[in-house]
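Take a look at the structures below.
Next come two complexes built around chain A: one with chain B, the other with chain C.
Let's look at the complex of A and B:
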């Protein structure tokens, strides 16, 4: 019975979806049509956002593509057009592909750990009978307000071989000898992934809490009457209802995880060896650190990475949508 | 019936101690959360308590939190000698101004995209949506060039412009999907009353309060902690730095003063946390309307 209830809701959402996506194409409602002075107002309303957006997002993106066809150090005259040479070089740059792989591992593992746990936390912290909800939410949210640079510094302190964690682990006999978690190639990447989960957790918990509020209380009541336990309710009511939103959260999480930079810069700087070398750090190194500066080359790396990700996301989105309809 | 009224009159402070149906579950979760929560905020507590330790104590205390002696002087030093008062003021200015701009521009844009169908509307919407899914790795040099060519390098206005210029795609989409849910009839009746374009917008802005709260908190938080933009755009004017950059420089200039650093950090994160604690109700309700689409 509870399953039926959930399916009704899901199918209702599908119907809603299809009608609303058809609406603008077929007939535009009278109140949505634009006439007379409205055009002036619309331009006035769009201008502040669009001007800043074009200046600080679109123009930089286009400029980056343009730079990628040049040999350029980032400050002198932009006059050495070299066509696709940067891209050909990148294709053979082992550091780039290594960082590409690390970034993918980072984003996938990070998302796989973060999303289920934050969903669980969100479910628990939205229960009506739960005590001290505000305090617990604030606790899980707290790491988010620590600047990344500082979080890196703190964990350097806590996780080095003489830090607090090793202190505790060796004292309790869990470890025989201390491990420098961020300084050992085998543990560095997973340590950074876990720190990143810790830091961003609160944000995703909030996203999930918002998604959960879309589930009508009456569905849970109906499920309870049908004798469903908490587990049934989760599988047959909560998850089906929040699925469309969950897809959005999944994409946001993945794309944001691909941008990882601050944490790496503040803890390992890509090391030890190249075990935590990620794409944004590769770009930063090429553009601002390794002499001579190769801003054109770095731009090519950014474009190649951005295009790959956009394609992957689009494809994924296509398949997810097909699976859902 | 009588029973019910009696129940309602109970002292609300007592409701936590009423051994109800969920008492056992609550106790179990409470204990689990106490343990997890402690480890969760341990790094956080570590910073706050380090700000009250002596330098030697901080390095030798290992996992211990409580200081040997309470050193309030760290705060005085950070606030006065290390210019944290200036940085604090700058951060408040940057974060408030950028947040205000963000709310105004994304609500106006979202409103128009939601309410009107005009030439180019779908293109604008599509581009905004697409840029949300591009991992923009490094666009600071073009941004830098733009600000420089406008003559705004090393000015507060330049920093604010860059801070509020780059973000906002998600916020516009939040506002758009919220305004789409407002029934047409509301606007029709407003029109009959003779409301012009702006007055119609002004009429529905208060309804979007949850979205506004969401944008305020997310944007305030991210600009409060923003590092790259203030660093690059104020390189030659240290007095324009915000807290995040100021703290970074603190590492270099006073490389031994870790406890002062911790004190500065505590000062900068506690206000934001307070904002969250107080506004979290709004926050969740805001996102709720938004993610429905």
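Let's look at the complex of A and C:
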């Protein structure tokens, strides 16, 4: 929520910057802006953040890259440098590429379902005529506070071949035989996607609501005077105005979905076969689960995956800038 | 007052000077494993040990998944317990794996009685397996004649409700199909089979072990063998049970299937010798019968592998109390000691260093003992160990590299074929070919002869005779 709000403000500032950038801007040198003790204070105030950033972001990143050049099981000396061998092995590892493909499918389909649905819910919940808004917001937001492991367990019970959903579907004659939704290769991945949408839906709905509340009321009034109906207002006022934020929400959603792990671990463990094998689960298995542990190999997979996410984030920046213009 | 001050000062000095001695006496060992249902017994056992030795012990149990995820992290942050339980990827070479991982240190032999090793059968302490460079790193915990996979458990109530009796316990695969049809006709499913992760092995081992072997590597010919016609025959038989709707459908986990059987949703569960304890302690379910796994219609033509695979407890490399830890292991492995007697009486399993028949009281566990020792004495036979034949095998990467092509490959594909009804043969051929190629390439690069892995003169239904080792010649 705060991230979106901040990015909204930032995008507005960027728009303002872009309009004012027609005139060349005079840059005041740092030495003129900061004087005397100010340097000390700046360093002092930045130090805790920098320390945490270096310790918990930069160091693990660099260490992961370094580990990826080693044959290492995660314990003991890091003394078997093998260069790019882990990367060469991963390039030929069908399980990795299959999990990579599954992860992309998960992220794309999850985003394609989640965003329009949550936008629709947000639009409805921001209408003046809507009753019990707070209750609806709570209802949609509630799944988000349920731990992933618990959600996985609940859906495992609901969706297995002897679960409640199958009981209902077979009792109504919709299904002839029960389907193990999480245990059938054709349905397992889409089922996990839908569970994920159910769980995260409320969060994106709140994002959209924040974006919608930033649309000036005067634009709607003007549109009404011009004879626009609700549909016209949505297409010609709401969506164009929220487009920069929508781009950010889209990529946040996509990047977050790429990191899917908990639901897979809690429901299918990557199965049946490798139908729901995703990259994070692949990395986890290689590094921590199957003996002998392959920490170096898992690090190489993490680096490759990280580069993909980084590309997505970079694309996000590009599209945000385009949307703002 | 002055005198009082002097006395106080003296007491303080004395206390400070004795502090290290007191601290030494207050050693607290930490032990961890994942038999959570046995926690009460461990608590009582460590009290006995403390009463005898003055050494405190905290024995912590977790669920298996949590344990396997937590322990490596404990080694990373230096908080590993003094003694821990672990099963390696290659269980015979667990000691080598853990030495490579830097997790273990040898037992302190100075506190072990001279005849300590005589508590076990001859030949279980082997160089390259549990002895490395003359140091003992572990010991066989469970006996592996009785202990291990391979048993069929029947829910008596479901059985009776289906109109079946003791005489109907299936002996052959055809019998099994027939009784399963009867059970299914009465309502419940016949068999609960776990397919999640690699848990299909719990059903696979008993049924593959009566037809051929439970291993995916054939030690007669020295090759990966999931494509062997005998394995394929076993798989097709299990698949036929699915096709006939006799097995609880879907991909279920280990605990779900156990619970399904215990709560009467299915009549049969295939599992290891530990199941009587698991049923009783986890599900309070005792109305169960243990039976030998049904064989193919032409009789018993295979065996389960009895390997030097029970080296399960280790002293962690980070422990500063190796001597006390070894003392505990010595106490724990007394054949007639508190630990052995109560462990067996409570039906938690069988032990490699005790007279199992003397102390087991659990009636289902006694059935298990009877199956392994009397009814079907060759259900599990001693397999050859390539590492004994050729010591270089202990450090070979051949098996690891072959497994690393895709871990759990056989289990995942079997599970997939069972849920979809797909043909498994072509996949099995692909798996075997890929693993054999990698295996051969690795041993060639390592300069290890393929003969180290092949024992053509050995009959897989009989105990391997150590005299048949060529010792690398």
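Criterion: the second predicted complex is superposed on the first by the 283 of 325 C-alpha atoms of A that agree within 3 Å, B and C clash if a C-alpha of one lies under 4 Å from a C-alpha of the other, contacts with A are read in each partner's own complex, and residues count from 1 in each chain.
Assume contacts are C-beta pairs under 8 Å (C-beta built on N, C-alpha and C of every residue); 3 or more make two chains touch, one makes a residue touch a chain.
The structure presented is a predicted model; accordingly, all values stated were derived computationally and were not measured.
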More chain A residues in contact [chain B versus chain C]: B
Touched partner set for A:161, first chain B, second chain C, both or neither: second
Partner chain(s) touched by A:49 [first = chain B, second = chain C, both, neither]: first
Touching partner for A:151 - first (chain B), second (chain C), both, neither: first
First, second, both or neither for A:183, with chain B first and chain C second: second
First (chain B), second (chain C), both or neither touched by A:192: neither
Which of chain B and chain C A:74 touches, first, second, both or neither: both
Which superposed partner A:290 touches (first chain B, second chain C, both, neither): second
Partner chain(s) touched by A:271 [first = chain B, second = chain C, both, neither]: second
Where chain A meets both chain C and chain B, residue numbers: 74
Chain C partner contacts - residues on chain A that touch it in the complex: 73-77, 93-95, 160-162, 178, 180, 182-185, 268-275, 285, 288-294
Footprint of chain A on chain B - complex, ascending: 16, 20-22, 25-26, 29-30, 33, 37, 40-41, 43-44, 46-47, 62-63, 101, 104-106, 108-109, 111-112, 115-118, 122, 124, 127-128, 130-139, 141-143, 145-146, 161-162, 164-166, 168-169, 172, 184, 187-188, 197-198, 201, 221, 224-225, 227, 243-244, 247-248, 265, 268-269, 272-273, 276-277, 280, 283-288, 290-293
List of chain A residues in touch with chain B within their complex: 24, 28-29, 31-34, 37-39, 41-42, 45-46, 48-50, 52-53, 55-61, 63-64, 67, 74, 124, 129-132, 134, 136-151, 154-155, 157-158, 163-165, 167-168, 198, 206-207, 209-211, 213-214, 244-245, 248, 251-252, 255-256, 258-259, 261-262, 279-280, 283-284, 287, 295, 298-299, 301-302, 305-306, 309-310, 313-314
Complex contacts: residues of chain C adjacent to chain A: 68-69, 72-73, 75-76, 88-89, 97, 100-103, 195-197, 248-252, 256, 265, 400, 404, 406-408, 412-413, 415-416, 419-420
